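Please find the structures below.
Below are two complexes that have chain A in common, paired first with chain B and then with chain C.
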Partner chain A sequence: MLNSRRKKDLILQSITYMASFISLFVLISILLFVFLNGFKLLNMDLITHNFESTSYIADLKDFTGPGVFNTNKDFDDHTYYSTKWGIALSDSENLMGHTIVLVTYVHEDSPFNDLRNKGVATQDLMLDVDYEIVRIAFDDGPSALSIQGAQNMIQVLDTKTTFRELEYSTSGGGIRGSIITTLYLIGLTLLIALPVGVGAALYLNEYAPKNKFTKALRNLIETLTGVPSIIYGLMGLALFVPITISLTKATGANLISGALTLSVILMPVIIRTTEESLKVVPDDYRHASLALGGNKTQTTFKIVLPSAFSGILTATLLAIGRIIGESAALVFAVGTAIKDHVSIYDKSTSLSVHIWAMMTDEPANIELSTTIAIIILVIVLSMNLSIKLISKRLLRKYGVTHE
Partner chain B sequence: MQSKIHIKQTQKRHNQWLDNAIKYILMGFAILSSSFIFIIAGVIMVKGVTPFITNNGGLGRVNLADFLTGSTWLIGESFNSNLYAVGFLIISTLFIAFLSLLISFPVGVLTALFIAKIAPKKLAETLRTVIEMLASIPSIIYGLFGAGIILKLVYDFSTILGFQSKGGNSILSSVLVLAIMTIPTIASISEVAIRSVDKSIEHGSLALGASKTQTHFKVVLTSAKSGIFTSAILGIGRVLGEATAVSLVAGGRRSGINFNILDTTSTLTTMMLEGMKETTGLDYDIRFSVGIVLMIVILITNFTLNYIKRKVGNVDVK
Partner chain C sequence: MNKVFDVKGLDLYYGQKQALKQIEFSIYEKKVTALIGPSGCGKSTFLRTLNRMNDLIDNCVIQGEIHYNHQQIYDKQTDVIGLRIKVGMVFQKPNPFPMSIYDNIVYGPRCQGIKNKAELDEIVKTSLEQAALWEEVKDRLRESALSLSGGQQQRLCIARALAMKPEVLLMDEPTSALDPIATSKIEDLILQLKQNYTIVIVTHNMQQAARISDYTAFFLLGEMVEYEETERLFSHPRDQRTEDYITGRFG
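Now for the complex of A and B:
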């Protein structure tokens, strides 16, 4: 009897152990997946580059002939420099694993700084570092192709005195536009949501009488937390997009409508967090201020609000984390067009929507998506950690112990 | 002397005026924030009703009964029709929600029990941090994880079973992604409920000769029933409303109710996102109608679960 009970207990206990380690396992596998897949693309170029790469076919403009362009730059073994043309090329691999030739250095007087777009005579072009050279075609003899490698291309170039055309593409795959969009969204949203949210929290905690009406207000705000974000997106599309179109020069979904939508999503979070920190401010502070002759406004804004600073900071950090992670609402309220030139009156993508847009495209770009995911995860998890630290300090400050 | 008092009085009146003005401004903010729930419902209602009462630019009115019960979703632009139906989407959405809760509920509750009662302090603290981190990961990253890992696993799994899966896009993948997303929600709320169980109930059970494990499973969990149920309600809310993560692993099914967990599926939310990039007219407006259906499904589920929660009853913990 006792033995079978012990056996049963042991089984139940081991099930509990296993169940609780599933969470740990999931977290570790998500982190491993994201970091292992995305790490190889993580560098500064990713942040500074445009997403779209453009291809050009160009020829030389006002060309007088090659010269001698000496440089004292040191190149490694896999980079080849042509003193005749003042250009250095190296072999590389793109995301698909194909061999490509990249420009690693262009001399400041090099003829490659002075190119003209073939066909469109008015557009001046120039070669820049990290551009990808596809082929160089000559009047006499076969073209130099990227598949033959950088060394071959430089050797061929050195034997020629001019070329007919050069095909190259600018470097793409960067997420500069989405980073700027995300920053705009964070700034605009906080600008709208913080004053309204903190104001509402101040009213509910400092001014509101304890009656049914106040209770109803609180309940309605709480209900907002249960609304799925895709519904907020629909609301933004149906309400804020038309409003912003009529008030600004926007013609469709735009960053302002996105920020307004995000503000509504964040309202309950900001109000609740701020109110919690207002609640821990001791009543003695308020009484002391009022006894010294301060009026209600002075007490609220000069005594209570500064004491609740860490709560507002927590709310801000929570809000930033939520803005960075939000995707469904923004798909509707800002659109899914990945942009390099961001305007707040136009469609664009935040980092999360950038992932979604790439993953729903054919073929899905998992490498770049996981790289963006690394950035999102690092920001969100560090926000989470700082919130923990702040709330610990806040509790210690007012002598409230945890639990 | 007289004038000084006068100045003081005007100042006082001025201050009172300012106090009141500030009070009403802040009150305005509070009322604005709380009225948004009505604004959301109103705006979506107005937009979502349009397809049923207007001619939809020559396509004709959408029949409400067919819309709610049918099992085909035609893309209006290419088929140029008004034959949209969400009946099969409602069923598959509820089916997926049920299956994912079947995984996440036991795992979440047992994790909560482990953290609150069984684990040593250090381990409990670590696991609590893990749960918090999981809860803060944005859903799009869960979707990405699903598309990168779970799809492959499900694809291999169905190959073993001899089923030609469409790249792993299936009910099973959606269920797994949603399950791991809801574990932290369920675990953290259940943990609070378990910890607030009165110690004397536990001591009573131990004093009567029950073992610790028996007490945990038969006394603590039943006493925390109400809080645990709440966590399930919140979890299912998250499952029903999740959109982007599921859209990456569901596969997009346009017709027919499907209960084969290895085959593709669609939910109300993924259908709203489908083809969102380029669309106008009826195909655009109908998304708001789906939004209304989604809100109603969530409301009904919540009411039903809350009703069950009351029926099942409550052990008085205090």
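Now for the complex of A and C:
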């Protein structure tokens, strides 16, 4: 008897241990995957650089022939210098993790300082450090391509006396625009969703009569929490995009419609969380305020709302997490065009949609995606911490809360 | 003696249940009136009818008349907020707001639109002095009210009520959550305050009623059994039920 009960206990206990172990294991492996994959590409340039790169096709201007350009600069083993052309190239990876040939040094008298745009605009160009060389084409013989490496490119150059054209591009692939878009979205969405959500929660908890209609309303709001976000995205496309187009100078999907869509997604969450925190504000406070001659509005806004502050904060944190993480709804409401110059009237991508765009690339760019994932994690974490810190300071001012 | 409150034929129902039956009652100016009786006898309910705090209870129905300074307070035109300003209330559990001591005191005046800093400072000082708390907190007015001890919090609540310059103070078992020392401080305070205010106090503690009140009313099962000068009620109760209660035979 005793033995069988002990066995039962043991089985149940081990199930709970197993369950918690599995969830911990999954969490850690996701984090490990993200960090191991994404860490390589993580650097400040990725965050501060533009996504778009400009390509130029140029040829030599007033060219008199190669010379001898000696330099006393020290180059490492992976950098190749051509004394004939006065240019140093190295193998590198761009921000997106693609192999490129990077210009690491240009001699001040090098012919590469004197280039002419071969395109429609015939302005003067010059090669600069950190540009990527895509190919160099010659009249006699095959072109030197970036996929063949820097060493090959220098060797080919050294055998030639001139070239027909040079294709190079400024470095791109940064996610600065997407970070700005994400921050815009957070700001705009909170600006819309917080007042409306908190207001609705105040109405439901403080003013609404306790009847069937209120109950139905509350149930409806709860149901809205479970609606898939892609449906909200469709609604944003069908409803908010036309509205914003007619009211603002926007011409297509834009950040405002995205923020509106996100607000609708977040409203139920904010209402629920705020209402829960309003419920735990002791009636003692309300009674004390009314007994002191405060009216309903003063009681609600001066006493109840500040007491529910920590709950509203939790709602804000949940909201920020959701805004940063949302992608399906935004694909429709804000679009998928990665932009460097973010305008709230224009299409743009948040970091999550940026990941989506990278993964739909051919081939899928897993490394960059995981790097962006790290950045998203860092943003969420730092926002969480800073808001908690602010709230702690505010709460310290008022002493302990009722929790 | 001046009657502040005059209650005539007051019936109160919570839904179907009658909580107060035909209460006839007068409360005299600048006296301490104690309401005693066993739990659930309706004494707190009665206290709350005096500043219409029962309005907050959904299914509460009140019949009969309560006159405050010759005005029926359950009239439709009654300015409830004005009434509550004149009739302050202190609750059973100390319930300071989660704000600074200063902000707690000026909450009521601010709600009435007083913004002048000097005026508010003056209100804070006088009401804290009246509540015998000034000396203890004058250097920490900006600190949270919740950092005070229970007894201090209750005196803060009294000061907060006094800040409205009321005529009447209703106290609903103000010492039941406090230790004996804090209790005696509050009792001393009540004796001081009675010079300027009319006080109605609900208490479970018969010794307390005997110590501080001028008049005592004994409630039982929603009825007011006896209302007398305190000394007479405790020494020569007219009703058998009162005698049974004060001699500790029940309750």
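To be clear about the criterion, the second predicted complex is superposed on the first by the 245 of 403 C-alpha atoms of A that agree within 3 Å, B and C clash if a C-alpha of one lies under 4 Å from a C-alpha of the other, contacts with A are read in each partner's own complex, and residues count from 1 in each chain.
Basically, a contact is a pair of C-beta atoms (placed from the backbone, for glycine too) under 8 Å apart; a residue touches a chain by one contact, two chains touch by 3 or more.
Source: prediction; values computed, not measured.
Novice: In the overlaid three-chain picture, which partner chain does A:I221 touch, first (chain B) or second (chain C), both, or neither?
Specialist: first
Novice: Where does A:P242 make contact in the superposed view: on chain B (first), on chain C (second), on both, or on neither?
Specialist: After superposition on chain A, A:P242 lies in contact with neither partner.
Novice: Who contacts more of chain A, chain B or chain C?
Specialist: B
Novice: So in the superposed three-chain picture, is A:L234 touching just chain B, just chain C, both, or none of them (first/second/both/neither)?
Specialist: first
Novice: If we overlay the two complexes on their shared chain A, which of chain B and chain C does A:G141 touch? Say first, second, both or neither.
Specialist: neither
Novice: Once the structures are superposed on A, label A:K210 by its partner contacts, choosing first (chain B), second (chain C), both or neither.
Specialist: Once the two structures are laid over each other on A, A:K210 reaches chain C alone.
Novice: Between chain B (first) and chain C (second), which does A:I303 come into contact with in this model arrangement: first, second, both, or neither?
Specialist: Only chain C is touched by A:I303; chain B is not.
Novice: Return first, second, both or neither, reflecting whether A:A364 touches chain B, chain C, both chains, or no partner chain.
Specialist: Only chain B; A:A364 stays clear of chain C.
Novice: Between chain B (first) and chain C (second), which, if any, makes contact with A:N295: first, second, both or neither?
Specialist: Touch status of A:N295: both partners.
Novice: For A:L27, using the defined touch cut-off, is the partner it touches chain B, chain C, both, or neither? Pick first, second, both or neither.
Specialist: Only chain B is touched by A:L27; chain C is not.
Novice: Do chain B and chain C touch any of the same residues on chain A, and if so, which?
Specialist: Residues 295, which sit in both footprints.
Novice: Where on chain A is chain C touching in the complex?
Specialist: 210, 282, 284-295, 298, 302-303, 306-307, 397-402
Novice: How about chain C: which of its residues touch chain A in the complex?
Specialist: Counting only chain C, the residues touching chain A are 51, 53, 56, 58, 81-82, 84-85, 88-89, 91, 93, 95-100, 107-108, 111-112, 143-147, 157, 160-161, 164.
Novice: Tell me, which parts of chain B touch chain A in their complex?
Specialist: 15-16, 18-19, 22-23, 25-27, 29-37, 39-40, 43-44, 46-47, 106-107, 110-111, 113-115, 118-119, 127, 130-134, 136-145, 147-149, 180, 183-184, 187, 211-214, 217, 237-238, 240-244, 247-248, 269, 272-273, 276-277, 287-288, 291, 294-295, 298, 302
Novice: What part of chain A is in contact with chain B in the complex they form?
Specialist: Spelled out, the residues of chain A in touch with chain B are 5-6, 8-9, 12-13, 15-17, 19-20, 22-24, 26-27, 29-30, 33-34, 37, 195-197, 199-200, 202-204, 207-208, 216-218, 220-221, 223-224, 226-232, 234-235, 238-239, 264, 267-268, 271, 295-297, 300, 321, 324-328, 331-332, 336-337, 352, 355-356, 359-360, 364, 366, 369-370, 373, 376-377, 380-381, 383-384, 388.
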